[in-house]
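These notes concern the structure reproduced below.
When the chains are written out, they are named A, B and C in that same order, and each has its own residue count from 1.
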Amino acid sequence: MDMLIKFVVAAVVAATPILYGTLGEIMNERVGHINLGVEGMMSMGACAGFMVGYITDNLFLALVAAFAAGAVGALLYAFLTVTLMANQNVVGLTLTIFGVAIANFVGFYMISRSATKSLKLPENITSALGSIKIPLLGDIPVLGQVLFQYNIFVYLGVIIAILMAVYFYKTKTGLNVRAIGENPGAADAAGIRVTKWKYINIVIGGGITGIGGAFTAMITAGGVWISDCVGGLGWIAVALVIFASWKPVNAIWGSLVFGIFRILKYYVPKNVPVPIAIYDMLPFLVTAIVLVANSIKQRKDNAQPASCGINYFREER
Amino acid sequence: MGNESYAIECRGITKRFGTVLANDNINLAVRKGEILALLGENGAGKTTLMNMLSGIYHPDAGQIFIDGNQVSINSPNDASDLGIGMIHQHFKLVDVYTAAENIILGTSGKLKNKKLLKEEITELSDRYGFNIDPDKRIYDMSVSEKQTVEIMKVLYRGANILILDEPTAVLTPQETERLFVILRRMKEQGNAIIIITHKLNEVMAISDRVTILRKGRSVETVNTSETNEKHLTELMVGCAVDLLIECPEMDNKEKVLELYHVSVINPDGSRALNDVSFDIRSGEVLGIVGVAGSGQKELCETIAGLIKPNEGTMLYRKEDIVGKTPAEIIKMGIFMSFVPEDRLGMGLVSGMGMTDNMLLKKYNDNKGIFVDRKPAKELADRLVSKLGIMTPDTDTPVRMLSGGNVQKVLIGREIESNPNVLITAYPVRGLDINSSYMVYDLINFQKMKGAAIVYVGEDLDVMRLLSDRILVLCAGEVVGIVDPKKVTKEDIGLMMAGKKLAEGVGAYEQ
Amino acid sequence: MSSKTVREPLLHIVKRDEIPAKKAMVLRIVAFLLALIAGGLFMLSIGCNPIEVYQTIIVGCFRSNMAIQATVKIMIPLVIAALGVSLAFKMRFWNIGAEGQIIMGGVFASYFALFHSDWPHWVLVIVMFLAGALGGAIWAYIPTFCKVRFNTNETLFTLMLNYIAYYIICFLRDGPWCDPNSPGFAKIATFDDNATLDKVLGVHSGWIIAIILLVAVFIYMNYTKQGYELAVVGGSSATATYAGMNVKKIMIRTMLISGGICGIGGMIQATGADATLSVGVAGGVGFTAIIIAWMASLDPRIILIISALFAILEKGSRVVESNMGISADSSAVLQGIILFFIMGCEFFFRYKFQGRAKKGSE
């Protein structure tokens, strides 16, 4: 039982950064922009969040910084793809290269200036990042441990996912915004301000992605700055967007599934003859299968928003 | 102040695109509770005018009044705020959304709960007699259902002036009838409706008054009850202009291709071509006319082997060529050339220069794995000088050329390949007078060399002079094949509306 | 309701006549220089002298034969993968899967390097070459088949296949191909000398293959019938059908070649540069190659130039790291800045901003 609880808790923690990246990417793709810069924006958020936390010892400021850094990366992407109509794939890949590099660059720079040649988050902030037991609910045996004793990122991520689902599916704005991703021409004709909403969604999405990056820097790495701390989670997030069929609520349980994939290798008994690499491959393999299966079934509702990858120019009807 | 009895009134609207005067001092007015038909041939300026009312273009001169007040419409949103709703020919709907979601898309206010919204839409449906399930998704809908959603969309926004751009072009006769029922009900509710069309029977059936546009001018406005189709045709086409187009008579015509009972079925199940039978003869121009979307495109593509007919046979020297690939057809000795309607979408590669576009059908002619560009380059140079194509050089991407020049590139290539069957769709669209004559000469030259020519056109004056026979299409069916020398333009116009001529009138004698 | 004022954006985007290729090149160079200035400002902000940095980069790349050789070594896989990708892009097939195709090329070639190192050298090299091409081609075929058959989104599918390929190497490294003699971390054994590419002028002979491929792709694209066909399909598949081409066949054929070339890149990395199959055999080259191909407008000649630029940046920044104490990541930061500027400038090839437009001049 203890083992199982530990397993679930570990899976949730492994799932959290992916959840943020996925939610951010959903915001992008819902307005028709496939942003392959998730890894880069996460790295930027990781770096900004960590460094601000390191300097100010204030978790709130660190989170704001992580959000802001991710948002700045996304703003760059939005300017190039929405306004200047550059190729989305190429800009996204560039953003990844740029974001990862600048995070490592700044990390290197900060380390070289520190006395101990290593960066460790101060006490205040690490304690703030510890598990928060929700009063009462956290005391329920088993369930309390599995559901209500996590660090702040986990709760925040789930709240963001639910808010996003409400935004997309329960508000007029969400209806309008999703229409942009499906058919910007129709949205434009219906009087929706396409460019404005593209910017808003892409930038907020980038910010959310950035917070996910901060998680990897501040929690996964145990409060010490390491290079390449995002380590490919951004790409798993891109995969999860497909797996979750572009829906924020699906992203919650989807990220849990992917979180399980990530930690499975540590929990499977040694005598099970499945190589570790296969566990790591699972998120991508499963996503690829889902992708092909959906295309065979021609599922329109579970497909990528139709205008993804195509920039919109009103006069090119 | 304008006249308050009009829901919408236009005075002296003028719009110029570059050197082309698309709208010239147009006047038009609709009362509340009235249906006005806007009638005119292709290129008469109907769509330009409507785009100004819906805020897409801004007029160079003239005034627009709504309920007697002068207004300025700067964007589609302005138009919508003024109560003007436009139903475009190409629907602007989100495929994965339900009818209800599309209807409320972009409107202000909070998202209502599903039940309330459904009630609201059902109420709207009841008022006008729509029959739409609000929860049905667009991708599951037929064309006419989609159109209904478009109409509901503008009504939901409180539009009381509706503009429908060729709404029946995509509908079956039954669906058209249903649409008309709805339009009449909207009229009873006090809406002002403008319906753009060039189908005369529909004008007679639905409208109260008709405004006729010709060559960018509003020629006349008449009460429908005081006119008839013949009169309207005369107003629409104007008096014949003197054209100097020859139609050399050739002997020894030979049937090159025979079509028997050919039908083409659209993906949505409707029939683009229905039981079409005719033949194409060497040394002859077969003109094909019909209102837009009567099956011309499908007919051309079927003959060219790009569409496989669902029913019927196509014989070449008694051998069926249905289902044969273009390469196999060439092997049989038919050299087909095809100038399609959408030139940059089909027929040319917009990103390539003239030389590479000349290669398109010939690149496989030489042996080996390499492309031989020399003959293509020579052909390109020849066409540049012969047709006066304006291009910096023959490697400049053709999308950078003007529309007329693009036209010449394609026509030039297809004609120069010395085909024995030449299919051309609207080859002079967008060309100036001189270039048009050049095209007519090229066509006649091919005809005299013995090519069988299919010429899809829209200018009836030209068609009558150029063609040996004219085939009239209506809704995918052949209304008749006539001798242009024996019928009037009005006869053809009536046939385009689906009216068969009396037995024997104008028939082509073999 | 009278005439109402509408909020109108100050700037308005309109299409312009496309600018000629020469002018476009000038614009790109201006963007490049602007990017260098922006990068310089960035360096100034962290207290470095940008001129010194740029100087160190250039000098670092060309200071010795060894430095030049190292630069060329970085360049080889970039050129090859960019060539492969450009064929796919020319056809408007958004192949993001070069990374995976490189890996699979490396894997297939490594099989022979590991288990048939006793074959005669030249036979082995040729077999490895073909195996590499086959590996890449298979990895490109899978998404292409699904695209042609089911219209599966190729961007997403090829992206997934990259990581599947990556973990295939991990799997091989940890299990079947693990070097039992390796201490500590699992790794795949170093190849026998017989199974590695020969050195010519101090660099593994992959550079010769790269040059041959460059010329071959240039000829293929510009002078062969197949190259012409793929360009037509990319330009307009309706026109291709109109001309009697078999679009599906052309797509599959082109992707086999595209993937095959990337696979050759993987084979060269494994048997030439690394002399083993490491998980980093592609190491992001597949992604960078996409950017290079796009920047080069899919022209093999420009691919060569841009790959050289990227290699110089990368090699130079390593020197900067050791000489000046700035992270070698500065290279990728600079790359990013340069790319952002160049991509931004491409907008001006086709569009322009117009001030508050006179209404009706549409």
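Here, contacts are C-beta pairs under 8 Å (C-beta built on N, C-alpha and C of every residue); 3 or more make two chains touch, one makes a residue touch a chain.
Bear in mind the structure is a predicted one, so any value in this text is a computation, not a measurement.
S.K.: Which of the two pairs, B-C or A-C, is linked by more C-beta contacts?
M.R.: Of B-C and A-C, it is A-C that has more C-beta pairs in contact.
S.K.: In terms of Cα-based centroids, which chain occupies the most central position?
M.R.: C
S.K.: Approximately how many whole Å separate the CA-defined centres of chain A and chain B?
M.R.: So the centroids are 49 Å from each other.
S.K.: Rounded to the nearest whole Å, what is the centre-to-centre distance of chain B and chain C, using the mean of the C-alpha atoms as each centre?
M.R.: Here chain B and chain C have centroids separated by 45 Å.
S.K.: Return the distance between the CA-based centres of chain A and chain C, expressed in whole Å.
M.R.: A distance of 26 Å separates the two centres.
S.K.: Considering chain B alone, which of its residues make contact with at least two other chains?
M.R.: 77
S.K.: Using the touch definition from the top, list the residues of chain A that touch chain B in their complex.
M.R.: Residues of chain A touching chain B: 170-172, 174-176, 178-179, 182-183, 185-187, 189-192, 300-301, 306.
S.K.: Under the definition above, what is the set of chain A residues touching chain C in their complex?
M.R.: Those in contact with chain C are residues 34, 36, 76, 79-80, 83-87, 89-91, 93-102, 104-105, 107-109, 112, 232, 235, 238-239, 242, 275-278, 280-281, 283-285, 287-288, 291-292, 295-296, 304, 309, 313, 315-316.
S.K.: Mind pulling up the chain B residues that touch chain A in the complex?
M.R.: Against chain A, the touching part of chain B is residues 76-77, 80, 88, 92-97, 101-102, 104-107, 109-111, 137, 139, 153.
S.K.: Quick check on the complex: what are the chain B residues that touch chain C?
M.R.: Against chain C, chain B makes touches at 15, 17, 57-60, 66-67, 69-72, 74-75, 77-78, 81-82, 304, 306, 325-327, 338, 340, 344-352, 356, 359-361, 363-364, 369-371, 392, 397, 399-400.
S.K.: Over in the complex, which chain C residues touch chain B? Could you list them?
M.R.: 1-4, 6, 8, 17-18, 20, 223-229, 231-232, 235-236, 238-239, 241-244, 359-360, 362
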